[in-house]
Amino acid sequence: MTKTALVVSAHSADFVWRAGGAIALHAAKGFRVTVICLSFGERGESAKLWRLPGMTLDRVKSERQAEAAAAAKHLNVHDIQFWDLGDYPMELTREHLFRMVDVYRTIRPSFVMTHSRQDPYNFDHPMTNEFAQHARVIAQAHGHNPEQKVIGAPQVYLYEPHQTERSSWNPNVLMSIDSVWPQKRAAIECMAGQEHLWDYYTRVAMNRGNQTARNSEQTCTYGEAYEAVFPHVVESLA
Amino acid sequence: MTKTALVVSAHSADFVWRAGGAIALHAAKGFRVTVICLSFGERGESAKLWRLPGMTLDRVKSERQAEAAAAAKHLNVHDIQFWDLGDYPMELTREHLFRMVDVYRTIRPSFVMTHSRQDPYNFDHPMTNEFAQHARVIAQAHGHNPEQKVIGAPQVYLYEPHQTERSSWNPNVLMSIDSVWPQKRAAIECMAGQEHLWDYYTRVAMNRGNQTARNSEQTCTYGEAYEAVFPHVVESLA
Amino acid sequence: MTKTALVVSAHSADFVWRAGGAIALHAAKGFRVTVICLSFGERGESAKLWRLPGMTLDRVKSERQAEAAAAAKHLNVHDIQFWDLGDYPMELTREHLFRMVDVYRTIRPSFVMTHSRQDPYNFDHPMTNEFAQHARVIAQAHGHNPEQKVIGAPQVYLYEPHQTERSSWNPNVLMSIDSVWPQKRAAIECMAGQEHLWDYYTRVAMNRGNQTARNSEQTCTYGEAYEAVFPHVVESLA
Amino acid sequence: MTKTALVVSAHSADFVWRAGGAIALHAAKGFRVTVICLSFGERGESAKLWRLPGMTLDRVKSERQAEAAAAAKHLNVHDIQFWDLGDYPMELTREHLFRMVDVYRTIRPSFVMTHSRQDPYNFDHPMTNEFAQHARVIAQAHGHNPEQKVIGAPQVYLYEPHQTERSSWNPNVLMSIDSVWPQKRAAIECMAGQEHLWDYYTRVAMNRGNQTARNSEQTCTYGEAYEAVFPHVVESLA
Amino acid sequence: MTKTALVVSAHSADFVWRAGGAIALHAAKGFRVTVICLSFGERGESAKLWRLPGMTLDRVKSERQAEAAAAAKHLNVHDIQFWDLGDYPMELTREHLFRMVDVYRTIRPSFVMTHSRQDPYNFDHPMTNEFAQHARVIAQAHGHNPEQKVIGAPQVYLYEPHQTERSSWNPNVLMSIDSVWPQKRAAIECMAGQEHLWDYYTRVAMNRGNQTARNSEQTCTYGEAYEAVFPHVVESLA
Amino acid sequence: MTKTALVVSAHSADFVWRAGGAIALHAAKGFRVTVICLSFGERGESAKLWRLPGMTLDRVKSERQAEAAAAAKHLNVHDIQFWDLGDYPMELTREHLFRMVDVYRTIRPSFVMTHSRQDPYNFDHPMTNEFAQHARVIAQAHGHNPEQKVIGAPQVYLYEPHQTERSSWNPNVLMSIDSVWPQKRAAIECMAGQEHLWDYYTRVAMNRGNQTARNSEQTCTYGEAYEAVFPHVVESLA
């Protein structure tokens, strides 16, 4: 049976910078990866577009959607959904929460990726963290739509925020993304509206790569780092 | 080539309560596990023996050594070494540090296990943590005995202290030890001098087992928990 | 005048596992203990019931209520209230908050017990913590129903969550519950729907008992642990 | 061009005890300081008024407003606004959030002052922190009222809560307020309803003054302490 | 049998500022309180004396001893010992550690008071913390001078450092010292060499008094705050 | 009078990667910067040299010294001292501590830079932190060489460790080093033995530059980040 993964992204570009390597890597391993973009980041993360004359909210959204869809293609995302819930601030209702529970129940992901618990630079990110984790726990509840099968206990990985130390984020998992780096870089380059971040996140990837090498005995040029929320259940310590 | 693991234990019983499952499990997987007991716990952890009439330090030590050796046999420890460095307090010199570096260089462990960084109930435990981790870093230094081959970057797992919350210990790895539980319990029962702890650590194992099940989708009765010091370098998040 | 205590429980079984000893012990000392169950845990904590054929939400609720009422009787709870606010997620409105304030003003508890501030396994628990603490502070406000008498500053004790270390919960109070253990165990056994937790929380009690003994000079077999939110105001340090 | 600062105060007295020195000092330097009092603290922080016979909510509010206005005059506040949003609990809606964004966009403050992130004694304080910081981030969003100019990245200073250690507040900025102490004391003495706090916050000021001296090489009698949320961007380390 | 308490003070004035109230209060309750001054603070805490012409290390020491002895008399200290181990830095050897163990074994204190675990302003303070706690644990060891009776598990209270928030010190115990305040102030005034701290610690006492009142329902003018290292073992939560 | 700064570096390259920008920048402002290299990193940080045939400890040291001296020249270091105290592990005695105190007393630095408090990858770094901070406090002691003038309270900045999140290091100061970047890069390129780190620390500089821009309203390409140990004493919050 095909394995799956779920990425819950506050804005339509977050999954690229922060989890693009993990997505492409698992797609290459045969996982079907679903990405939910709760918003387009149309208000708060589209500065460059807003500087163009005659820009409207709808045009920003459609540009951002096109960028994200193109990036998703590079990463071999199986399904990308744009929920268009607004940003700065997001408004996440009980109804959206249950919609996300349905996603969990349908996809049954092997693991989940989302934002850090804190971020003084961005209030949508911790809100998305809470939302994604809360829905996961409800999807485990036998009394929620009892005719459906509950999910198990997929690990939740928090991907890298902008300034890690100020966001109380401490990575305990590192992964080489060398084999998919060209895809991630291509996806990054789809983000025409945030060109100033292309090289920023390339450097992040290279330094995480260095740390990946240092913490193992493999060579590694590009890496990604994550904080696992739950203990790892392992069968061997080696 | 045979894989190896290294356990650095402050007193001669610590490796049993805290890492007995991991030791037996990896022995069963073919690992050669070396256990270094820095002391016998002869002064601080042998209350029952000291209540016997006519007890001497030497007799306590030999009783404790016999117990630990018997326990090690149940766990299929490959090599158990008693360094007899004293306890309450330990005295760990530069010379001992280099001796431990030699152990790292000789054994070349796939992973290391030792005590937590803090423990207000026991000052030998954090001292052992510092000692074991410091030696590991020196064993990585190319200029230390440059004719020898340096070691890589083996993960260090901190095993469970007596009262976890007061020892700033937060487990991020859980492992089922169901398959080796009879061995661990048999090893525990070798510790005649600390019979009051037999059931304590059995209950710890059962509750960690419950948590292992809850954090995964497997059944588990007996578990052990560890805090990994370094990020995990993984090839998949699933 | 009769002393009172207040326990705010997210689901109808929480007060049993986590605070059953404290409740029975204070009842035996003459305290009138009120337990508020905000929900029955009907959706999220009733897996076993939902596996029965033809189960409905109403039947789950009434089974859970019957279990909790029976447990409360064993613990000599003075008053148990079922607010039926739903679970997974709870919905706690301003109106419910003021209703809880009324409880504080009416009961005037000597101390309060509720959940931990964090719990990645359960989002109703931290919500209940916030709710119970918030209501306490409003009950202290002279301008809230100014014709009523404000309450003083009762200590708030956070009782034990499922996995303590992952819930940022650090107990600073331990109490022997030996004298009431048979009652707590009897109450636990009322929880027919969660039989898998009976022995889990028995083991928790035994290990907290061991820690209680170790941190004092008394013998103790069964204990409970709590985190006090506010500084203790004492008259002696001994 | 005139520089400005923004203070977001949960209740109408908070800005006096906690930030009065900073306000007066910057007014003296030529800053226009705007203070937003989200509520009057009419329910939760007006105990003394409520003890008067025949007191009503409206009378409490108008007394508290008069006190705060008088205090603001002593501190040379440029503009003090009373939003009257209620207290214990506050209710802060999306509409209020956008109103606060408008304040940021209009004032364009060089720095912002508000409450600590946690406070177990007071739930309005962390709510105000979240509110003030959230509005700041939205004011940075190009897509929010795109015809307006976004703000830059003003530092946010968290001023001193009642019991610092229990509020996870750790000051990393100290400032001598010697030159404006008479003004701050005069402002404090406007707070007729909370006379028990006059000397409390005077002593806080004197001990922070001592720490200011100890951490520098200047003399200082009265000080204030703040936690800066964001890294300081400096041009010199001396 | 007479109850006892032990205070381990890095320098000869620390016990006065930080624990003077607790000492006098327990003396009044009939406790015999022993104070160990590891050093006189002759190098690092005697600035005023060193400004006098012709000052020598011996004269500083004898002045400081006389001050501390006079203060101890005001507080009704039972026994004050000056170990004269040097300061800035202290040198604490294995021999001193065993001497401290002897003190524990002889006095058998009901509780212990010492410095905080961290203090960036003073390196002797954390060293004294480690020393006092380490000796306590050795005094519990049956194999240390096995002919003596081991001690139980006396609580350790960390008294207030200079700048609490920077010293990772979080008080969880507050105590009114109103009944002995005149004695504490008299003891403080014995410290001729540190007159600049008299009012500083008076203000600390008054603000801790305010917090004592706020956290209880008693009136209180002067208080002291402590961090208890170990969980409190209690018999009632009220 | 000329201002000065002091950098205490565990190994002879640390000051370059971690503080090179700050050094060059302050040299350009007219500061005389003294760098103390406690060791050459000859054993633990010279892997490349040790791979050369016939390498000896002395040759490694002289190569490392030459590299560091050349780098210091690029940064306009006023005085670089090589104390040759050994590495992996360092041995820092009381005598060395007093020698460092002399440096503080002689130089009288406006600020100090050194390593982070923790680093699981390197035990010399936290040891150097403790050493540099301890000496600073002794240099403040009036009784240490009382004929000399004590120092004031220079800020201590902890520069960036290899993996920040695992080293409990949280930067609260950012500085643009654009104006001196060519010098820092030239200094970095002197480190022939650690070429693999040239680009690593260039990327660190570029990402800290991005964060510097984001936290201010200036443009910035290259930055450095530091954690200030003590509160900043400021005269304005703007």
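Should a chain be cited, it is by its letter among A, B, C, D, E and F, assigned in written order, with residues numbered from 1 in that chain.
One rule holds in what follows: contacts are C-beta pairs under 8 Å (C-beta built on N, C-alpha and C of every residue); 3 or more make two chains touch, one makes a residue touch a chain.
Please read all numbers here as calculations on a predicted model, not as lab measurements.
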{"item": "If a chain touches chain A and chain D alike, it appears here", "value": "C, F"}
{"item": "Rounded Å distance, chain B centre to chain D centre (Cα mean)", "value": "52"}
{"item": "Between chain B and chain A, distance of the C-alpha-averaged centres to the nearest whole Å", "value": "38"}
{"item": "Sequence positions of chain B contacting 2 or more other chains", "value": "121, 166, 171, 211, 214, 230-231"}
{"item": "Pairwise touch network: line, ring, star, complete, or other", "value": "other"}
{"item": "Touching chain combinations (by label order)", "value": "A-B, A-C, A-D, A-F, B-C, B-E, B-F, C-D, C-E, D-E, D-F, E-F"}
{"item": "Complex interface listing, chain E residues touching chain C", "value": "3, 5, 22, 25-26, 29, 31, 110-111, 113, 152-153, 155, 157, 171-176, 211-212, 214-218, 225-226, 228, 230-238"}
{"item": "Interface residues, chain C side, partner chain A - complex", "value": "42-47, 50-51, 55, 57, 60, 87-89, 91, 120-123, 166"}
{"item": "Residues on chain A engaged by chain F in the complex (per definition of touch)", "value": "121, 162-166, 169-171, 196, 199-200, 203-204, 206-207, 210-211, 214"}
{"item": "In the complex with chain E, residue positions of chain F that touch it", "value": "94, 97, 133-134, 137-138, 140-144, 146, 150, 229-231"}
